[in-house]
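Labels for the chains are A, B, C and D, by order of writing; each one numbers its residues from 1.
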Amino acid sequence: MNVLLFGIAKDIVGKSQLQFSEAEKTPETVLELKEMISVSFPEFRKLSSLAVAVNSEYAEDNVSLSRNDEIAIIPPVSGG
Amino acid sequence: MNVLLFGIAKDIVGKSQLQFSEAEKTPETVLELKEMISVSFPEFRKLSSLAVAVNSEYAEDNVSLSRNDEIAIIPPVSGG
Amino acid sequence: MDKKIIEIVDHIDTSQVFSELSDSKSGGICVFVGTVREFTQGEEVISLEFETYKKMALKEMNKIAITAIDKWQLNKVIIRHAVGVKKVEAPVVIVGASSAHRDACFEACRYLIDTLKETVPIWKKEYFENKTVWVSAHP
Amino acid sequence: MDKKIIEIVDHIDTSQVFSELSDSKSGGICVFVGTVREFTQGEEVISLEFETYKKMALKEMNKIAITAIDKWQLNKVIIRHAVGVKKVEAPVVIVGASSAHRDACFEACRYLIDTLKETVPIWKKEYFENKTVWVSAHP
């Protein structure tokens, strides 16, 4: 499972993708993903908000994740 | 005394200036001018509004007119 | 440099307006362009003709610009109106405001066009197939 | 022809936007341009850098355009955002709407920029003399 990282999320993790190998436990829902990255990288807890996109759409906490999904961490947006 | 005419005012009178000769009685106030042209050209009474500018500024009915003023009839504006 | 561009012109070039309103202190620029619409109340318009009392129109446009700059602390303002005959889709008026934040430029831009339509001595004649109409002249 | 122009580009050319939004059924076109401001909260900004999740950003921009077209019966809409490093005064976003009457294009244009700032996955980093800041990242 790959998780795309943008903006400050990329800076916090130090790379543009987070990879969960086959052997690792992978998050089963959006909420679980948010919790796992916040444990590994506590800086995520300091952000104004944290969203997740699944297949390039915003996804609620209860949405399930599968290995084939395109998953992305969406830190607070600031376009315009 | 010359009175400039624009838009529909020019069409009603049939020319772009109204002239009061030395011999004629001239209007002494804005209100008198409005009344005089409305008598001579009753079409003015059908307009949505009728304003007068003295020296290129909107002038209230009680403003006095003199021969040296630049006077204009301002029918309802419709720019933009 | 002056903060205001106030003009009555024969032809409006819309391509330069954002350069004209550009300012290092601005984060937002809002521009409105009025154009000739093909149909008005279901009738096909062939063209519009604009006439003005130029000296007074420039004075009134200037008052509007000054009021807006003062009220919304604008960095730049433009009010430019065209005269003469204009075909469908042609720009007839362009107004714009440049400000630090977007609230100000949106509100100011709306004020510029609304007030222009109320006070500036410019008259619009609509040409239809079989008649002409001075807009707003009659109730 | 499509009513929508939705793009993420390296460089925004503001000179064509009124041609792009021109429509014979429109009497009004409202455009907002966001530009890089020299100072933010009293600190001098050297440049801004924009990054995007492009696939998702285009989807979100498309949703905003469709909602606006539907709500305000727009004839044309544009939402174009720049990415990369932008210096002071550079345009970073341009949004616009073309409609029969001016109320609709003003309201729609405001909706386009406000909603873009809330939902489109684009991130802005401010470069100051001695630091960089991801805008809005922290409370």
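Structure notes:
Just so it is clear, a contact is a pair of C-beta atoms (placed from the backbone, for glycine too) under 8 Å apart; a residue touches a chain by one contact, two chains touch by 3 or more.
If you're wondering where the values come from, they're calculated on a predicted model, not measured in any experiment.
Between chain A and chain D, the least number of touch steps comes to 1.
Taking each chain's centre as the mean of its C-alpha atoms, the one that lies farthest from the centre of chain C is A. Taking each chain's centre as the mean of its C-alpha atoms, chain A lies 73 Å from chain B. One inter-chain figure worth recording: chain B and chain C are separated by 26 Å, centre to centre, where each centre is the mean of the chain's CA atoms. Taking each chain's centre as the mean of its C-alpha atoms, chain B lies 48 Å from chain D.
Among all residues of chain C, those that touch two or more other chains are 34, 113.
Against chain B, in their complex, chain C makes its touches with residues 34, 50-53, 55-57, 59, 81, 92-93, 113, 116-125, 134-139. Listed in rising order, the residues of chain D touching chain C in the complex are 14-16, 18-19, 22-39, 88-89, 91, 100, 102, 105-106, 109-110, 113.
Considering their complex, residues 4, 6-8, 11, 46-48, 53, 56-58, 72, 74-80 of chain A touch chain D.
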